[in-house]
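Below, chain A partners chain B and then partners chain C, in two separate complexes.
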Partner chain A sequence: METLVYIALFAPFASSLFAALFGMSPKQTFVGIVASLLLFASFCASAMLAFHVWTTGAGIHVTMMDWISAGDLHIPFGFVVDQVSVTMMTVVTLVSTVVHVYSIGYMDHDKSFNRFFSYLSAFVFSMMILVMSDNFAGLFIGWEGVGVCSWLLIGFWYHKEDVSREENPSISPSWAANEAFIMNRIADLGMLIGLFILYWNVGSLQYDVVFAALPDLSGSVLNAAAIALFIGAMGKSAQFPLHTWLTDAMEGPTPVSALIHAATMVTAGVFLVIRANPLFSMTPEVSYFIAALGTFVAFFAASMALVNRDLKRIIAFSTLSQLGYMFAAAGLGAYWIALFHLAAHAFFKALLFLGAGNVMHAMHDELDIFKMGGLKKAMKWTYIYMGVASLALAGIPPFAGFFSKDAIIETAFNEGTLFLWVILVVTAGMTAFYSFRQVFLTFEGDERYKAFGIHPHEMYKYVLIAMSPLAILAVIAGFAQGTFEHFVTKLLPDYHMSEHTHHLSMMLGLIVLAFAVGGIVLAYRKYYKGLKRDKKLENSFTYKLLANQYYIPNLYEAIITKPYAMLSEMMWKDVDMKIVDATVDGIAKFLYKSGDASRKMQTGNLSNYLNWMAVGSVFLLVIAVISAMFV
Partner chain B sequence: MIGLTHYLVISALIFSIGLMGVLRRRNLLMLFFATEVMLNAVNIAFAAISHYYNDLTGQMFAFFIIAIAASEVAVGLGILIVLYKKHGSLDLDDLANMKG
Partner chain C sequence: MENILSILVFFPAIAGLLGFVVDKESARAYGITVAAIEFLLSVWLWFSFDTANAGMQFVELIPIIPDFGISYYLGVDGISLFIILMATLMTLIGMMSMSITENIKNMIITLLFLEMTMVGVFVSLDAIIFYLFWELSLVPMLYIIGAWGGPLRVYAAVKFFLYTFTGSLIMLVGMLFVAYVYHNLTGVWSFAITDWYALVLPVNYQLWLFAAFFVGFAIKVPMFPFHTWLPYAHGQAPTIGSVILAAVLLKMGTYGFVRFSLPMFPDASVMAIMPIAALSIVMIIYTAMVAYAQKDMKQVIAYSSVSHMGIIMLGIFAMNAEGISGSVFQMLSHGIVSGALFMLVGVIYDRRHTKLMSEFGGLASVMPKYAVIFGIMLMASVGLPLTIGFVGEFLVLLGFYHVSPVLTALAGTSIIIGAIYMLTLFKKSFFGPVTNEANKTLKDLSSKETWSLVPLVLIVVWLGVYPKPVLAPIDNSVKAMLAFMDAKAITQEAKDMIKVSKTTLNRGEVK
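Moving on, here comes the complex of A and B:
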């Protein structure tokens, strides 16, 4: 079993190193194939581990080596495979394998094909460390690794020029990569403080030791640790106000978006909250805040998705919204439901992104859905895949999203937080509307792309086949709800609806369903026939507010980026150039000048040298005498 | 009565004369003489202090210095002869060919 753990963990690493060997050479297809096979091996190992954990009901704990051992600080390089981590491992490796195969087709014409696979596998490896580590330090390493790899991948097309915000809200890939990295860094500081607080008070970073010691800690310490850790989670999972990087990260290649959104990055924050559930269940105020923030983000992101015209950004906003749902569930104490939604969401969101990648490929990197339409003739399979994924996202039975999202909304009702419940239900309707607005505008109606001289074509067949597991899971994953609950609640606290809620569950489900169907019908009526643009609506204040993401990116630029740039320029021109550099230059100039002056001593005349020697001796003598007098 | 002080004063005077010779003279041969003068000034001081402390080490040192000065002169004069044969002069102002 230990071997399987190491295969699951290190196969992506081996894949990354292998691809890195060819990083500088031109495209070689076998690099992609080998990487995909290694990822598949990792997936198989994870699946076998999942089966093992399922049958025995016990986790596997391995310690590879002592990592840090200094004074009282002992951090082993240990990995734990239990119900939570094995779920994550399986989901992550499955999605990653599909994304790897997909990338062989998608990155076909890219000259940095090999480099791309190296980064992609490193990304998966970091995520595996993150989910498998048995202590917070290992988690943090994976956390940072994920951050670095996301930076590399979002900025993969670093050579693209910067453009203005009006033309492209994310300016350029390198800008978006830096934004993602810096925002995550801010949140990571919170995370690090959380780890320090825990270590300070417990004296260990091992999960089991920390969680066992929690009851002895005072309330304020627990609250501080929970808040600090949640700030870390907010950055990785792009919760308000650190959310802008997620949509800008769409600058990366589409497989990367699929990976970031479905498997390897944004779910890390939710995973942290689920993993640290003993801590969060002891801090009800913080948990309630998490739920409230999650609900807010769910609504907030969905509202921005309503009017966006960028295919990938709409999906990105929907991820943000679904992450909000997950946090709402985790904040309300329904950890297993959050994990369930995480897994279900991973399948259909990856599918949605890969479908969007197909559309992009067909449309020659055009992302504006107003310029598409009627693509169903050329791209039947992509239409089916994206349709299925959107149905799952909208929460239509029997697709996966229905079960998981419905459970979250029911939880909100069950907890008596009716306000959250109302918002979540409304958001479900909005989700359905924007997903189908996107699907209809892309695939149905008049063929607007013809005006741009584009001839769309379907993606390669093997890519479509590789996407099928995700489509199947997006359909059937919901039926595994009972089994899943039984499986993970061996580790996570069980959460049951009260008798009262149980009684009403049918009706609650119908309300949600009514909203979802209503959203779809609205989208159908407005967009199925074709795009009819309503100038009055588009010029209204609300529309503009939403289309500009509530002007938050502009606000950040005005109150943070610009003053910071001004401050930096002032520091550079006034402090650095005039004080620091001037001092250093002054020393150098003094040495040059004194050298120039004293060069005249070198006359070549022995007599002069002897005179200087005498002067020096006298000087030394004087110093010796003076120092003798004072000592 | 001639005491230690007198010897040291005379030693210092001779040393200064030697030093002035080293500083002011331009002829290499004269420089040699001047260094010999300085060495002998030090010898006087050694001998006098040695006597004062009733310790023979200082006088032994003086002998050593005489021996080393003799060998130094032997080597130095050899070099001087070569230099003179090469340049036809021992004036330091004419020998300044290592200007920096």
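Moving on, here comes the complex of A and C:
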């Protein structure tokens, strides 16, 4: 079994190194094939481990070697395969394998094809470390590792120029990459502080030791640790106010968006909360805050998706919104439901992004859905895939999203947090609307792309086949709900709806469904026949506010980026040069000048010397008198 | 080899003297050979070092002026061992990568003398010998900056020399006073640091002496607000000068705090925690901001150096093994990474004769290998886990958290603002389209440059993934030092602050 653990973990690493060997040479298709095979090996190992954990009910714990040992701190490279991590491993490797195969087709004209696979596999490796580690420091390795890979991949087309925010809200891939890295770093500081709190209060960073020691800690320590760790989670999972990087990250190649910025990395924050559930379940206030923030983000992101015209950004907003749902569930204590939505979301959201990639491929990288329309003729399979994924996202039965999202909304009702429940229900309607607005504008109605001289074509067959596992899972994953609950609640606390909720569950489900169907119907009526632009609406204040992301990126630029640059400039030119350094030089100049001045005393003239001698004597005399008077 | 330390100190100097008769054409090869032998000797030192022993090893003691207790007294422990290794390594690598051709023979000889003084500082256990090497190290650097530097080289060299020299004079006064006190108490003269350790001084004496040593060390580190000589020195120095300066010479200051201030004045050190932490945090944040404002790549790295030294200072005053071991480790990490970064800036300077970021852009597509190595060093510099930069920074912040959570949070902003200036530098120089015609035909790393940088990359990864071989001996010596400090401290505050690890080996035996 240990071998399987190492295969699951290191096959992506091997893949990354292999691809890196060819990183600077021109495209070699076999690099992509080998990388995909290694990823598939990792998936198989993960699946076998999942089966093992399923049958035996016991986790596997391996310790590879020591990492950092100083003072009383000992951090090993240790990995744990239990119900939670094996779920993550299977989901991550499955989506990664699909994305790798997909990328062979998607990136086939890119001159940096090999380099791409190297980064992509390195990302999977980091993600596996993140989910498999048996301690917080190991988690942090993966945490930062995925951050760097995300930086590399967002900025993959680094040669593009910076443009104004009006022209491209992300400015440029390299700008978006830096933004993502720096924003995540802000959150990482919180995470590090969380680690320090735990270490100095518990004396270890191992999960089992820390969780066992939690009951002995005071409430304020627990709260501080929970807040600090959650700040870390906010960065990776792009929660408000650290959310702007996620949509800008869409500058990366689309397979990257599917894998990193939808299915895996951004769910790391949710994973952290689920993993540290013993801590978060002991801090109800912090958990409630998490749920409230999650609900807010769910709504907030969905509102921005309503009016956006950029295919990928719409999906990115929907990811943000769904992450909010997951946090809502985790914050309300329904950890297994959060994990279930995480897995289901990974499948249908990756599918949605890959579908968007097909559209981009066909449309020559055009992303504006107002310029598309009627693509269903040319791209039947992509239409089906994206339709299925959108149905799942909208929460229409029997698709996966229905089961997982419905459970979250029901939890909000069950906890008596009716306010959250209302927002989540409304958001479900909005989700359905923007998903189908996008689907209809892309695939139905008049063929607006013709005006731009584009001749769309369907994606390669093998790519479409590679996407099929995700499509199947997006359809059927929901039926596994009972089995999944049974499996993960061996480790996670079980969550049951109260008797009262149980009675109402049918009605609650129908309410959510009504909102979802309503959203779809609205989208159908407005956009199915084609695009009729409503200038008055588009010029309204609300529309502009939403389209400009509530002007938050502009605000950040005005109150953070620019002042920081100005302050730095001032620190350098005014403080460092004119005060600190000038003082030093001033002292030196004073010494030099006084030496220069006193040099003039050395005239060689005897009477001059006698004069100075007299001055000196008087001076000494005065000092002698004064000191005699006071001492 | 019982006299391995003497050999390590004087081999480069003697080889340097012999260098005068070496032919100019072969001076470079000669220098590299000598530096390589020196490096291998230091590796040998490491292998024969007993990692389980926390005290001084390979001790050599020859009285020079017995009447005044001055002796030729050398030894290494876990703290100094790896700094010596780093010094010899960086000298070797720096020499290998050197692109200077003008007066190459003088340069080689100067570097070999510099190597002697650097190794000398870190092995000396006698204050006078320490002081001699400490001051002597200024001379070769003065010459390197003054003779091979940029347009403002004389100003920069003189500033560097006078500034640090002034500081060390005050330190010398401190040393003489310690010896005087020692004489008063015991009736004999001694300048042996290990003898001084045994001295339990009243708190007010400790404070004054701490201040005297502080001036000498702080200017060298350089701590805010004594740092302004550094940007000039780096700005004007040739690449090799910057590499050695950043990698090794700055470490003399922080090493001094660990070797002298902490064990000799434990109570004063504890009292100084807050003032020093305040200065360090100003240093971390302020210089990181100044680094962000720079237009010149090399100045960014120079200011970032100051910022990282702030982290090291903070760790030293954490008063627990996590922080101090992390700090010593960070000295090595900073040496390797900043050395490599200065070499990398040198690479582009050799090609374009400018270091202004505005002159570049899109270098990643013209010089991919260069971009990869720069990227790795950048990530090490911002403290990415599994690179050498993380281990030290993490331990320092972890250690200092025990002292003050709020100040740690402030110091921790270094992981954010560090990323800001480094990523901005990388974006400006390496990303975007190639706009400048002159950059379109640049050649990627030559084999000479590759061979000097790749070993550093390997070390960065190796010590990031498996720091134990280096960290364990450091940690042993640090734990022993802390146990000693705790036993020696007079005030209750100091005893409370100094945290002795539960796993300390040979307790109290620092000598």
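In the analysis below, the second predicted complex is superposed on the first by the 568 of 631 C-alpha atoms of A that agree within 3 Å, B and C clash if a C-alpha of one lies under 4 Å from a C-alpha of the other, contacts with A are read in each partner's own complex, and residues count from 1 in each chain.
What we mean here is this: a contact is a pair of C-beta atoms (placed from the backbone, for glycine too) under 8 Å apart; a residue touches a chain by one contact, two chains touch by 3 or more.
Computed from a prediction, not measured in an experiment: that's the story for all the values here.
Novice: On chain A, which partner touches more residues: chain B or chain C?
Specialist: Counting contacted residues of chain A, the larger count belongs to C.
Novice: Answer with first, second, both or neither: which of chain B and chain C does A:Gln602 touch in the superposed model?
Specialist: A:Gln602: touches chain B, not chain C.
Novice: On the A-aligned overlay, A:Asp188 touches which partner chain: chain B = first, chain C = second, or both, or neither?
Specialist: second
Novice: Quick one: is A:Ala614 in contact with chain B, with chain C, with both, or with neither? Answer first, second, both or neither.
Specialist: The first partner, chain B, only.
Novice: After superposition on the shared chain, which partner residues are touched by A:Val148: those of chain B (first), chain C (second), both, or neither?
Specialist: Touch partner of A:Val148: chain C, not chain B.
Novice: Figure out whether A:His159 sits in contact with chain B (first) or chain C (second), or with both, or with neither.
Specialist: A:His159 sits against chain C, while chain B stays out of touch.
Novice: First (chain B), second (chain C), both or neither: which does A:Val625 touch?
Specialist: Touch status of A:Val625: no partner.
Novice: Using the touch definition from the top, say if A:Ile559 reaches chain B (first), chain C (second), both or neither.
Specialist: A:Ile559 contacts neither chain B nor chain C.
Novice: Have a look at where A:Leu510 lands relative to chain B and chain C in the superposition and call it first, second, both or neither.
Specialist: neither
Novice: Okay, in this complex, where on chain A does chain C touch?
Specialist: 23-24, 65-73, 137, 140-141, 144-145, 148, 155, 158-162, 172, 174-175, 178, 181-182, 185-186, 188-189, 192-193, 195-197, 199-200, 564-565, 567-569, 571-573, 575-576, 580-581, 583-584, 588
Novice: Taking the complex as given, what residues does chain C use to touch chain A?
Specialist: Per the stated touch rule, the residues are 159, 162-163, 224-225, 227-229, 286, 289-290, 292-294, 320-323, 325-326, 329, 362, 364-365, 368-369, 372, 379, 384-386, 390-391, 394-395, 397-399, 401-402, 405, 408-409, 412-413, 415-416, 419-420, 423-424, 427, 430-434, 465-468, 471-472, 474-475, 479, 499, 501-503.
Novice: Which of the residues in chain B end up touching chain A in this complex?
Specialist: 19, 22-23, 25-26, 28, 31, 92-93, 95-100
Novice: Could you pull out which chain A residues touch chain B in their complex?
Specialist: These residues of chain A touch chain B: 599, 601-607, 610-611, 614.
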